[in-house]
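Going by the order they are written in, the chains are A, B and C; count residues from 1 in each one.
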């Protein structure tokens, strides 16, 4: 047990569908944190022999987690899963991917313990990207706690996270509105040329990272 | 790791169906505590091929919890779930939402540990609001332990909770009858202009927060 | 965190079906302890498509517990559940309520830890009251450990429990026969006017609290 020093802080140059760049904050400073999602298998509707057209049992999607996640981050992923289900039910009612799939969500690197609620918006974005099979806008990083109804709550470490995003070449970051004051305190050499969005609700995030998807 | 100080103590200006404002009491003083509920998926009745009209298996609703809840608060949510099921069976027998749904109940913020039984009435109200798909009366906050049959038991921190409710603009609070003496000891500058209701049973709460729903 | 002093030690003036008053004994003295039971949902028999008349799976009732119960009290409730099932199978073979229901048993107040085996007879009485949908005789309190076959075993704190029962207006108490010597040592101002029954088997309890039910 023991790990080599990070050779790069940016695991993906381009993120495919289901992968989104988040931002983490530790005692060592800020860093990127990628959320990876893949479908394990489809939960096909169990259609029973039914000559009278009675309704079949409702399928139920599941979420499976790896990446040495702490309890708060595990709960945060459950919140992201439930919110993503209700987001699709509202905006993409024809899309049953999430409600019929066993999803595996992983946060590299596997040996590094991670915790906290601030990857909420990142996890929802990964799940929706996978469900829509659409990659998100490239070179965007985000951070924010999510409530069950999609409100975006403030998080810590805005300075460290912004520096980490700049270091890896991110040109757009998405932050909770309540962190605007923290961002405005940053020196201009950190924020110069960086596109920043402050959001109150997850739907604001969606519009930024899926510009070609109507809402 | 680490959180900014709250800039606002009120997460929702208007609460949608399934969300209710409670009041919490900690060593740091009183604060609002929102209960959020959403349906994860419907548990459709598993209707089997049955040419002889035998009864199908009864569907069973479930409750899934997040929000860093302690053991007493987890038990409290189970009591709220069972009571809400029996409340609907009695007063809305045609409403099978709760007995056929997987419900997700979350208490923001995800990294803050919470415990105690005093959100019982708040959780029942959130579950009934979600089941009826009706928002509760706005600007109301409540606190009270619930027994399995719907009795409302006294709680601690009435002073701190009342101050917290005033601070965020609540104009009506619902308290257990046995806390009337605690409320009456508060200075008039705290209680002036505040509508207060003392309740013995959950049905009293229902009448206040769902004024257009007959009981 | 923190609770006001009880203004009343008697949660129920009249107990509905499924609720029974027990007696507890702590370092603080005796007190009443109510056992509350409710059905969460019916476990309907799973009738399968069966053209060959194969037997359907047997339905199974379950018991779900809340109230900050310790391990001994949890085991005690399991004993009460099994005994109640066998009691109904013997005396009410047509009553399948308990074998087909998910029962929720709660012991208020939720934040107070409770343990010990002495609520055995109280829990059986609550389960049978719920199953028969008949309230028990009012103003009765009871204490006693139960064996799996219905024997009533002695318990501690007879003096404190008797005083607690008198304080809340109970006029009849049911005690294990082996505690008769403890009761007879009590001062007459405690026991005067109090109807007391000493029992060896649960069936003795049943006759006292369900006077209109034949056995």
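Note that in this section a contact is a pair of C-beta atoms (placed from the backbone, for glycine too) under 8 Å apart; a residue touches a chain by one contact, two chains touch by 3 or more.
Worth saying up front: this structure is predicted, and the values here are computed from it rather than measured.
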Testing understanding: with touching defined as stated, what is the shape of the graph linking the protein chains, line, ring, star, complete or other? line
Report the chain whose mean Cα position is at the greatest distance from that of subunit A. C
Can you give the rotation angle that fits subunit A onto its twin subunit B by Cα atoms, in degrees and rounded to the nearest 5? 60
For subunit A and subunit B, let me know how many angstrom lie between their CA-based centres, rounded off. 29
Whole-angstrom distance, CA centroid of subunit A to CA centroid of subunit C, is 50
Which subunit A residues touch at least two other chains? 49
Touch list for subunit B against partner subunit A, complex: 1-4, 7-8, 11-12, 16, 18-19, 34, 36-49, 64, 66-68, 102, 104, 106, 108-111
Name, in rising order, each residue of subunit A that touches subunit B in their complex. 25-27, 48-51, 54-58, 60-61, 71-72, 75-76, 78-79, 82-83, 85-86, 99, 115-117, 120, 145, 147-149, 151, 153-157, 178-179, 181-182
